[in-house]
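In what follows, chain A forms one complex with chain B and a second complex with chain C.
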Partner chain A sequence: MSLDTRTTPRVAGSSPAARGPRRRLHTMNVVSRYSFVLPAVVFLIVFMVYPLVYTVNLSLFDVNAGNFLSGGAPFVGLENYADFIGSPQFVPSLVITLVFTVGSLIFQHAIGFMFALFFNRGFPLSGLLRALMLVVWVMPAVVSASLWRWIFSGSYGLFNAFLGVFGISSTEPWLVNPNTALAAVIIANIWLGIPFHMMLLYAGLQGVPVQLYEAAQIDGASAWQRFWRITVPMMRPVIVIALLLGFVHTFKVFDLIYVMTAGGPAGATNVLSIEVYKLSFEYFRFGDGAAAANILLIIPLLLSILYLWLRRREDSTQ
Partner chain B sequence: MSNQPTRGRTLRRLAITAALVVAGGSLAACTPGGGGDESSDAGSGPVTLTWWDYYAEGAASTQLQELLDEYQEENPDVTIQREFIAYADLKQSLLQSAGAGSLPDVVVINSPDHQQFAELGIAANLDERLAEWGELDQYAEGVIASATYDDSVYGLPISANCLALFYNTEMLDEAGLEPPTTWEEMEEVAAALTTGDTYGLAYSAVNNQQAVFQYLPALWQSGGDLYDLDSDEAIASFDYWAGLMDDGSVSQEALNWDQSMVAAEFGQGRAAMMINGPWQLPFLATEAPDLDYGVALLPAGEMEASVTGGENYMIMSGPNEDVAWDVLQFLQEPENVTLMNVAGGSLPTRNDIDPFPDNELIGTFTEQLQVALPRAYGPAYAEIADQVVVALQARLTGAASSSDALSAAAQAIDPLLP
Partner chain C sequence: MSMSSRSVTETEAMVVVRTGRRRRPLNSERPKWHLTAVAIIVVGAYLFPLYWLASTSLKSPEQLFTSPPTWVPFPLEWSNYATAVFENPLMMRALGNSLIISVGATLLTLVLAAPAAYGLARLRLRWTALLMLPFLIAQLLPAINVALPMFTLFSQWGLVNSYVGLILANAVGTLPFAVIVLRPFYLTIPGELEEAAAVDGATRFQAFFRIVLPLVRPGLVTVAVFAFVMAWGEFVFGLTLTTEREMQPVTVTLNSFIGQYGTEWGPLMAASTVVAIPLIIVFVVFQRYITSGLAAGSVKD
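Take a look at the complex of A and B:
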């Protein structure tokens, strides 16, 4: 039932006489092929590999204000890592980061999925509305963060005014209360992340063949069944990619939280990225900061590797 | 089934696009900042000085620009390129430019941060030039101390201040009250003045160094110090400071207010008293010209105390040090210092000038200065202050008791203190 109609390449049966010029052609091909890749490779080396190597190197030395510029920082091996993991801030920070990431991701994804399904129905002006939703995502995080800071402020906050509509009189400063600050920051981040998930899922939905739904409908499947039995299985790769990318860039969110609470009140929103920033740029403990940055990097990296590994195993069993 | 390959390809393309978008986003976040600096010629040729400060538009910024313009007119060879660097970005920008080898020539810096940069080795040592200049004895010891590291001086003051108590005269008169002079009176007066939309007192407990600046006088008034943060005195100071919020005399929003927002609350009549510094006087004069207010000494606990702060000019090491020093000398001429002090609402930074003759408010601040202490806790002060903020906010929000919060902080700052 193969639809493959490609013919067997003729090169395979070429005569020895034609080999000379062809080889030259082949070399040129190789050169031109690599030259296409070159800009990307240079870019990666300059902007990704070099900073990474530099940070790893930095994390192995006790670099601080006294020797950052003059040099001569002593080599301390993995001590910076041990210090950071052993510091009283580490475990609470890690927990807060995970709560923030998972909390954001679940809602971003679920709500993004709903929007994607909604827009996939196609209605007048849906294209325009979809584009408008992207504005949220395009807006600089600092701007959104300032906006949300105002929304959640006590006496003149929009959220309290909104509660007032339902007869709930509140002057609760949401970002000041350690019990609500994290939730408030998560809500802001959910709002920020919905368009990203919506965009990916919407594009994925376009690829699900309509015939499947038609066939299911004829067989009497309900909308709920169609969603769980057709949409979700067909969309699985997109869902996984959206969740993975979402995890990676939520895990290292800095600007939003820094502007909204700067890690406060009393450390209630002190995610790892804020800790890294403080170590390097406020305390000038560059070695410790680099080690902390690498730990911040390793966690999403491990997750990405796990995903790629699962993906490969899945591909090979198919 | 013919759909399968198309779908796979779409997905792959999607994944790549998404990955690129994410990578692009993270890259945009770390675009290097920092201005360039062209001139390397320290001789007689034209020189361009790069100047960084974080002054928002206002009287101080305008006055500074006027003085710099005047200097450039008198010295046509020197061009001063002034750049605004937001206060929150200053440290990071300075580090980046130091790493890139393109430091600015003069930086206006918050005095408690000065030692940190001297330790980093990028500030110019002024000892020899100051000796030749011979005017250092015109400056208060505490002010110069903030620019001193390892017995060498690395800068001169642009402004000096201390905290005192602002009160709304009208509100106090209406309630028939006098400004409080002791902690007990403070608790009573603040509670009595809290009515409806008005809070009795406003202070800053924001999540940065400003909260510590505001709280330190209370710690010293109790007889405590950062060196002994789990003492009974320190606990008493925490209970007093947070107690004002527990009583409802200070708004919970203080945890989100920096000192300028505190001044705005006071200026708009939403707080009957506030703890703040003289640099708010020009702000109140322009933003709340009809406000009838006075300044009193901070209420005393076991003793009287306040905290000094201010900003310094810091010359960065580099080929333009001498030219920068010449500009600095010009700015430190008594009449120019007077102009800057008036514009910035600064207490006199030199002993031989009187920028505010017969000004009662400034007079109170000057009196308060007699019992004001500097934050001389060494180059790790930024980290120490962060630990104190965490303790303070934990107590203010009720997440921890005074003694628990303080003993955690005491343990954390112990290795950081000099």
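Take a look at the complex of A and C:
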């Protein structure tokens, strides 16, 4: 291995003649620097990149329960993709995924922003209270999902009791009714996502110079004006990244929905990731599942490219 | 929440590292206790569902099915915990499985991420950008996209229903995150330190292990905590890469429990609470350490 080049210690006192040794030291450093990165990169190539490439391969064959171990699945070209896009599940599933993602994101971000601004005002115990909110963030999704199942249950559910406070008498079993299940799942997901947006935005707020607000206040700007004229423009990169990452993360949500409704009732919460799971692990149609998985990947992939491009631009302006 | 929202941007990590200490609040002479009062109410309302989780786990069926709800359970019904967890061998086994998988994934993540983040912090910029790419993209992948091919590959490699398989799969989720969070910690350490060590005759690896690694200890702890939290809560790999109930992580067992117990909310919430408790303990114990660790990184900036 290349590591050996570095294991010979430099002999003390062999003072280097100007250029030669320094160059050698430099090249050896580069080699050993790469050797630090190598194990992790190899790991990701074997366990992430290869599986992803393998999915593309899978998607071109009619792989199913009968032949996925024995091999010999017939090549079907792009048929699996055409089948999935043409299936009655595809369009509703895409729409549900987008409604879930956008519906969650708007409220997560807006509420997270309010919390961030509030905590940024600085008051006794604000650090402790802000940290406490992160407890929601460390909760396993399955735990949150089972809790929200209980909250949204019919006659004795907390959500209906909460509505009762506002004089709305309801015994609606929210997750059983196809008309309300998606809204209920979105509400649960909003709750989960608030700390993520709050953290990102709070960190961003620390980068806005206090002097700007002081100057604006002297000039008589209202709090509302200060928010739209200073906070939002100054926070634009953070806002964009929070929304972009939030979108990608929400678009792929599986565990919360799977545990709360498993895509039901009557397909009301059947997001794309659940459809991929059903095709592959319930119907054992791995070829179809792989094609669906790649379609699920396209939107986050495009957004990731946008994200990387924004990062680059941000880096180069720093 | 899913590991989804746990990922951070490097920018964010940098911001946190740089601004670890609180900035002096805007135009404040006196502490604003009235804001604290508002915050306690708002945060309390936000966290109320967690109180509901814990309190439900201590309710008897008579206290559960009341309208309006029983806000404070009395007397406490501890039997839910016995029924759902301590006298349930499958649940106990699953807790053990999750512990093995989470600790394994955390160690693997540290072993791979600590040198990788260091290498990436010391590389030339152009190559860094290229090498960072797979780590950044990995954070954005839907877990099911990795789980599906992994299941077919692991079936061929004999890694389905094995701790090794689940540890490897979990590390795919945690490693990219760890590298991205750790790199800024290394960036705060001046390269002169290693150069001085080299002059003293240390190899680059000796310098890394003896000098650099101890300095990024807060970063390593942070990464370990996050890796453990992510692996403990992981669901998709556990669901897809196990077919035997005995090998399932506790998140998957909890899910099948929901189907089995239906509306017996007392035992269900007891089981859910038990799954959440290790993370709450980790969170409480390391909360200070994480913030002080992040702040310590900023001292050298």
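The working rule: the second predicted complex is superposed on the first by the 282 of 318 C-alpha atoms of A that agree within 3 Å, B and C clash if a C-alpha of one lies under 4 Å from a C-alpha of the other, contacts with A are read in each partner's own complex, and residues count from 1 in each chain.
The rule is short, and it goes like this: a residue touches a chain if its C-beta (ideal position, glycine included) is under 8 Å from a C-beta of that chain, and two chains touch if they have at least 3 such contacts.
What you see is a predicted model; the values in this text were computed from it and never measured.
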(message) In the superposed model built on chain A, check whether chain B and chain C fit or clash.
(response) clash
(message) Just checking: does A:P265 make contact with chain B only, chain C only, both, or neither of them? Give me first, second, both or neither.
(response) first
(message) Per the contact definition in the header, classify A:V248: touching chain B only (first), chain C only (second), both, or neither.
(response) both
(message) One more residue to check, A:G66. First (chain B), second (chain C), both or neither?
(response) first
(request) Could you tell me if A:V135 is touching chain B, chain C, both of them or neither one (first, second, both, neither)? (result) second
(request) May I ask you to decide whether A:N177 touches chain B, chain C, both, or neither, giving the answer as first, second, both or neither? (result) first
(request) Tell me which of chain B and chain C touches more residues of chain A. (result) C
(request) Check whether A:A203 is in contact with chain B, with chain C, with both or with neither, and answer first, second, both or neither. (result) both
(request) Identify the partner contact of A:F281: answer first if only chain B is touched, second if only chain C is, both if each is, neither if none is. (result) both
(request) Can you tell which stretch of chain B bumps into chain C once we superpose, 93-101, 183-191 or 309-317? (result) 93-101
(message) Under the contact rule defined above, give the chain A residues that sit at the interface with chain B and also at the interface with chain C.
(response) 3, 47, 68-69, 149, 153, 155, 200, 203-204, 206-207, 237-238, 241, 245, 248-249, 252, 254-255, 281
(message) Help me check something: in the complex, which residues belonging to chain C touch chain A?
(response) 1-2, 4-12, 15-16, 19, 22-28, 31-33, 35-36, 38-40, 42-43, 46-47, 49-50, 52-53, 56, 64-69, 111-113, 115-116, 118-120, 122-124, 129, 131, 133-138, 140-146, 148-153, 155-156, 168-169, 171-172, 175-176, 179, 198-199, 201-205, 208, 229, 232-233, 235-236, 239-240, 251-252, 254-255, 258, 263, 265, 268-269, 272-273, 275-276, 279-280, 282-283, 287, 291
(message) Going by the contact rule set out above, which residues of chain B touch chain A in the complex?
(response) 1-3, 6-7, 10-11, 14-15, 18-19, 22, 25-27, 29, 91-92, 95, 98-99, 116, 119-122, 207-208, 251-253, 255-256, 379-380, 382-383, 386, 389-391, 393-394, 396-397, 399-400, 408, 412
(request) Under the touch definition given earlier, write down the residues of chain A that touch chain B in their complex. (result) 1, 3, 47, 65-66, 68-70, 88, 149, 153-155, 173, 175-178, 200, 203-204, 206-209, 234, 237-238, 241-242, 245, 248-249, 252, 254-255, 261-268, 278, 281-284
(request) Over in the complex, which chain A residues touch chain C? Could you list them? (result) 3, 6-10, 12, 25, 29-30, 32-37, 39-41, 43-45, 47-52, 54-55, 58, 63, 68-69, 115, 118-119, 121-127, 129, 131-144, 146-151, 153, 155-156, 158, 161, 164, 191-196, 199-200, 203-204, 206-207, 210, 213-214, 217, 237-238, 241, 245-246, 248-256, 258-259, 273, 276-277, 280-281, 286, 289-290, 293-294, 296-297, 300-301, 303-304, 307-308, 311-312, 314
